[in-house]
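In this document, chain identifiers A, B, C and D correspond to the written order of the chains, with residue numbering beginning at 1 in each.
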Amino acid sequence: MTTLIKNGTVVTATEKMHADVLIDGEKVVGVAAPGAHGWVADSEIDAAGKYVLPGGVDVHTHFQLPFGGTYVSDDFESGTRAAAFGGTTTVVDFAVQVKGQTVREGYDAWMALADGNCAIDYGFHMIVGDINDSSLKEMEAIVDDGVTSFKLFMAYPGVLYSDDGEIFRAMQQAAQDGTTIMMHAENGIAIDVLREQAVSRGETDPRYHTITRPPTTESEAVHRSIVLAELAGCPLYVVHMSAKEAVAELTVARDRGLPVYGETCPHYLHLSLEDHVAAPGFEGAKYVCSTPIREKDNQEYLWNALARGDLQVVSTDHACFFFDDDEDTPDRDLPGPVMGRQKRLGEGDFTFIPNGLPGVEERFNVMYQSGVVEGRFSINRFVELVATNPAKMFGMYPQKGTIAIGSDADIVIYDPGTSFVYSTDTIHGNIDYTAYEGMTIEATIDKVLSRGKVIVDAGTYVGSKTHGRYLKRGLSEMPV
Amino acid sequence: MTTLIKNGTVVTATEKMHADVLIDGEKVVGVAAPGAHGWVADSEIDAAGKYVLPGGVDVHTHFQLPFGGTYVSDDFESGTRAAAFGGTTTVVDFAVQVKGQTVREGYDAWMALADGNCAIDYGFHMIVGDINDSSLKEMEAIVDDGVTSFKLFMAYPGVLYSDDGEIFRAMQQAAQDGTTIMMHAENGIAIDVLREQAVSRGETDPRYHTITRPPTTESEAVHRSIVLAELAGCPLYVVHMSAKEAVAELTVARDRGLPVYGETCPHYLHLSLEDHVAAPGFEGAKYVCSTPIREKDNQEYLWNALARGDLQVVSTDHACFFFDDDEDTPDRDLPGPVMGRQKRLGEGDFTFIPNGLPGVEERFNVMYQSGVVEGRFSINRFVELVATNPAKMFGMYPQKGTIAIGSDADIVIYDPGTSFVYSTDTIHGNIDYTAYEGMTIEATIDKVLSRGKVIVDAGTYVGSKTHGRYLKRGLSEMPV
Amino acid sequence: MTTLIKNGTVVTATEKMHADVLIDGEKVVGVAAPGAHGWVADSEIDAAGKYVLPGGVDVHTHFQLPFGGTYVSDDFESGTRAAAFGGTTTVVDFAVQVKGQTVREGYDAWMALADGNCAIDYGFHMIVGDINDSSLKEMEAIVDDGVTSFKLFMAYPGVLYSDDGEIFRAMQQAAQDGTTIMMHAENGIAIDVLREQAVSRGETDPRYHTITRPPTTESEAVHRSIVLAELAGCPLYVVHMSAKEAVAELTVARDRGLPVYGETCPHYLHLSLEDHVAAPGFEGAKYVCSTPIREKDNQEYLWNALARGDLQVVSTDHACFFFDDDEDTPDRDLPGPVMGRQKRLGEGDFTFIPNGLPGVEERFNVMYQSGVVEGRFSINRFVELVATNPAKMFGMYPQKGTIAIGSDADIVIYDPGTSFVYSTDTIHGNIDYTAYEGMTIEATIDKVLSRGKVIVDAGTYVGSKTHGRYLKRGLSEMPV
Amino acid sequence: MTTLIKNGTVVTATEKMHADVLIDGEKVVGVAAPGAHGWVADSEIDAAGKYVLPGGVDVHTHFQLPFGGTYVSDDFESGTRAAAFGGTTTVVDFAVQVKGQTVREGYDAWMALADGNCAIDYGFHMIVGDINDSSLKEMEAIVDDGVTSFKLFMAYPGVLYSDDGEIFRAMQQAAQDGTTIMMHAENGIAIDVLREQAVSRGETDPRYHTITRPPTTESEAVHRSIVLAELAGCPLYVVHMSAKEAVAELTVARDRGLPVYGETCPHYLHLSLEDHVAAPGFEGAKYVCSTPIREKDNQEYLWNALARGDLQVVSTDHACFFFDDDEDTPDRDLPGPVMGRQKRLGEGDFTFIPNGLPGVEERFNVMYQSGVVEGRFSINRFVELVATNPAKMFGMYPQKGTIAIGSDADIVIYDPGTSFVYSTDTIHGNIDYTAYEGMTIEATIDKVLSRGKVIVDAGTYVGSKTHGRYLKRGLSEMPV
């Protein structure tokens, strides 16, 4: 079965070329000037006037994750379908080892949840929540299963938190194995003091979530994790960076040539404490996540860091919870593992608001709009940030993240001649709000191909939950 | 006329793929998996086991340039042929406006020198040596002729030197036109004091050339030119950077998001004051250039800056002068404009040594060897540094600098299964030494194609001095 | 003749002690606890409830200086008397060597102007406006006359400007002699381009004086002068710093242990572009000086630099010109060398406004009020900034700048129990405005002693213009 | 009872003056020019040709402290007597609250140990080893007892270690009370991993003590404690700094105007890993302390930081343990609490070497020699570092730390016309080695006065263990 995508503008991290793309089965096998190649295919897609882009790679999602007494509302089925609608053809989610479990047990449990339920290809990072001699050995062993990145938490004491010694030992293990440490970098110990004090003063509104996580609690943790990673000799990838002070720490370390990397997320680039988290009433709960949404002046700094390369990846940290539910809400007619109250758990005390936002569906579009259309960077850099770099960073390149001979035919046909407006009514995830309500995107996704198969066509999902395949990832091939 | 390059490993700044490349006339028209495309071509090149690389782009050469009472020994014919031998398929040389001339006069003179004498495609930057109301207007006008970058000198008072006011006005002009200012950044005024004092103390050996140009005379000028460029609002490209302190200034400015860029040259990465410039006798004169070859510890800093992106381009500043000539040397059996003494002019007084080194032939190979083979960066980054970035920086992309649909078929077939050793006996330029004498390169250039035509084949030049075409360059498309 | 100052609070850079001070002739000879010493003196001053402070040392004044077609309106007589009224007992003015003159001629001319006309002791820095082999030798010779600091200009091309080579040679001379280079650090060459362009666009109001001297024209020059001073090996003292970016350059250099120092002036700490220079009409001309008064947010940065030690001295750069004069103004009943129009010369074109402000009378009081009363630093630091450091910096310590055994009895009896308001009506210099109009000072100067002699008493001048003596200054004893 | 110190050179942090000093009882009551004062005293001290200096203030000593299964060998009697021999007239030791104790219990215990046993005046900082709601309240209450500084540990997990939350809460308490937090800044958690791993690899020699505490484990902790202190709003004083990277963190914070301070100790300025800790055999154990003695190149950085003000205090962290003891050593004829093995506890495993060095006797002399005689800073800066700043920093000024009217007559008569050599045979503490063995000091202590009483005279101790008095300290008066 061959497919020919004709007459489009093919864009990669480096190129922008008028060319036809030939797909054979699951792979891209040819790129050629229209009229020069003589190819006849089983099917043809007309991409005239459209971009032919690599499918998005979102390396930070959370589906079915238990958090704060509830679960994120998207399961692998609803979540990966929403991703597909949004032009993302690969996700890397997080398998979780909790205290008392083996790493393998965590991995197996999450593999089982995803298996047979994914619209698109997926991989797993491993959250190592219990670092000890035995789990360190498992970190090495699980590389053979395609897990080459391990996430640790400097926040959430008593839950997923690791102390500096545990972190350091895991980093030494990663250094030995060539794997990558991912870090949730916030000084959770100091933050917990601030949270307790705020609540005891009656400061319980959602905005105190941000106020009790001041920027230096993030930059301090970034600094510390860089020091530990340098001592251990491993690459470090800091997740969901939001404070300019924190990115500045990364910049200084990268200037010294250290293999340290950072991602930010669309919500840090578009939302602010002033306009969103501190909105009247409980509205701000929608935007409660950690690291927190910060003051507006951080946004331009983050955009600049993306443009100049000090941040390398845009992911979503997708972790959604229903906002407008309460105990009296009747059963909702929605798929997914939701039960009872979600964001509303934190009414009256922000510390009970589940942390997280939806984003897996919106990332590709909002980054194109604010990045490319608004002139912050080129369409090549856009592709690099949402597809190529994430794939290189986490050992999926060149299978994923680009349009090249031999790569998986994960492709978005993107039409810059049309536009649409984000609204809760038209999103596809198992969630009742979007953070980009009312935002106009000056392009639409015409088609999404995953391994050569069209899975979204003109706004309709034509895929299947058994299509997505587990990705055994290799070691990172990210240059400094 | 079509050509098929078969079974090679095609490398671009982003990709590395096993693919065949189809050329139609002067252009690349297809890239496809061997066996998947069904293409039949007029001629075939077997690239099995070899790299298929974009031809090198050297954006800093000097052919036929008068300097210090003599001329560089390579003219456009000998120089571009040497470039071709070394895998470089595009050069950008410098047309010179001297005091009292119009910009146009300088441009016309250099166009005439090059016309009909080049083995490969060529463009011109413009050295503006006389900045005034009229030459500023000419800077704008000459963009239509494909000159979009203008070089100024903070060194060489009384010759090409411009003062800060002249520089600032030229930068304002560039900001208005979208063109780029290239800067020779050395505080020539302070350096001249040091040179005079050294000579008056009898410090006349070649090594005093380096000693009288201390690192901060470079970093100061870089800092100053960044300040002026930021005030004026224009992009700045600092040529031939050699001091780590100077690169550090660039790094700090780039961290702030300023569009400032830097190149270094292979000689700064491989040669040192200790081992080369301070060699016994007059030997060091071979390595006299400005900015100077510095102490060894700068090298690793420069390599690191290339790897991490704070320097974006490797060029040569090719400007060669015969070393082993003297007044008694009989006529040499060599092409080119050489006359009389060259490096030997400075015996007894280093200030009379003509500044410059050969390099246009060696750049591609030595950067591959020291960069890729020795593990300092990937082959993708190599391609980016010697081809893609120079092309993007100076408005030649995507015509030059990559292998993509629609690009010029400037291609190097590179064989990593063989090796050779650099030696004066085997180089091809009009010069009697190489700075890389004895260096082993673990690859050889099998073939060089310029616009689809093979011009070097298995070590033999099969091109023509009428093949090379003038390149009208566009504005820079370099991202920060 | 002995004097006993009784019961006051004696303050030095280090101490604050309840003590009596015994003066014998011109010197302080004893400090002791009241009641413990048994001293009987020829005269007694009751300082109960008052501070006993070292007299102020203002190391940057300009009296009788020709500038822009006029002269500063204070001559040595009116200027030093105003200083005395304001608690300043030592000034260091500038002798000027202009092009074509010897250093000695400049020195002699200024010595003659001051001789017999000063209310207080005075010294001279030397402005070297014509650097050549011969004037460099004179820099060494004049140390014997007590001139140990030499001021150069990176601004005012064509007038006092020196190029980097001249500066560098003067710095080498200073390094050899142990003397200090003072720098007016502004990139005057770039500024002149901006000024010309502004005027040609019709931007002629006073505020364009500031706008055409952007902060980086100051910080660039500071950076460059530090680089040159480090190369030459001499101490550097940057005068009248106003931009936070410029002070930041100093900070970085001092962090590396370089002997570089900076002064600021009260007007940079109290006035702003927004409120003063950009005032409606021609009012802003009062505040035109170079470096310029800048945007308000620089003030807190400068205060912080004074508090933490990155700026070491507060001087005045006193250089006053009448504001409200015009060609029709009849002869004024004022002493001093004023003639014709002064600030009004620049009506219609800010480039003709003479640069400078009065301040020698106000410095001591406004620094006490804004520094000490408003809590920005201790009274010890106040004494250090206005007296001790200037004296140490310029080789006058311990004769001047402190109250210690053997020091000159230059003392201010300062009464924090009273207050007054600055107003044009009550100032004493030969000038028709004060920059601090309406500012309340919560202390008054009760008495000023110069070498043991009361010269100001309860607001009345009781000194004499023949009292002041020339100070042969030694080399700087300023620690880093 | 009055005393007159005649004809000496009186030195303070600011002044250097030829003067007589009059003491009445315990206080300095007069300073006057010889011949000018007419004073007759009960006793006279001839200081002609000698310096009259403030007695040293050592704000970091440990007497009688239990550590690692033994005690430091100096008790308050032997320790304060050794201090007096070395020109130090004030010590501030550490009272310790251990887990389970109240702050008050710790304070009372240490007050009892010192009471009646001190040759000189003494105060206490409080080590808060158990931070909780109740001990936080006690931190406020104990200010009335003259304890205004509280030491926390980021090292020694399981012993004195506090986590970031405890630290932060203590800092908030200090911010509220105006007290100062002292920090042992090392990432003890990461260090413990390195120590365990070293031992398990058989790396047990003393030098591994330094190697397992790399510089960034110090600088990281300094950075973190600065972040927490800035968030809490309290002053921070980092003890015993040894790594240049750590001081650099302090410098950056001070440049921003933060009230953060640092001390170093003579051993970090004179000893190195290369020459001392890595000495053959077990010799290195003498120099095992934490933070560790580091590589030699840190020394010049520390000296520079002292000279330029980024470190403000030189203390000793005096904590001595016998080196040449073993189980077979018969009872030694020495005072103090020594029992059994001390440094030898760590033979075969460096982790058992008690941490610490003697220094209270040597500090004053070695800092004078290496600082003043060797030209690193002035004698004024010497006085500031060893006396004035420590007194201001910890609320003892002006009672201690200077020679001023009303200050305690704590005075050292110091003779720069003589010299001596440090040797184990001639030191006076309860210890069997000095770190400065063989070092020549080009001055000798002629006399030491404590509150007007001579306690050391020509090398003989003439004091009494009941002379020393407890100092109720006030809040810090240290400027930034």
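Here is the rule we use: a residue touches a chain if its C-beta (ideal position, glycine included) is under 8 Å from a C-beta of that chain, and two chains touch if they have at least 3 such contacts.
If you're wondering where the values come from, they're calculated on a predicted model, not measured in any experiment.
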Between A-D and A-B, the pair with more C-beta contacts: A-B
Centre distance in Å when chain A and chain D are each reduced to the mean of their C-alpha atoms: 52
Chain centre separation in whole Å, for chain B relative to chain A (CA means): 41
Where chain C touches two or more other chains at once, by residue number: none
Arrangement of touching chains [line / ring / star / complete / other]: ring
Full enumeration of touching chain pairs: A-B, A-D, B-C, C-D
Chain A-touching residues of chain B, taken from the complex the two chains share: 10, 12-19, 22, 24, 27, 29-33, 36-39, 251, 254-255, 257, 304, 307-310, 377-378, 380-381, 388, 398, 402, 404-407, 477, 479-480
Contact set on chain B toward chain C in their complex: 163-165, 168-169, 187, 189-190, 192-193, 214, 216-217, 219-220, 223-224, 227-228, 230-231
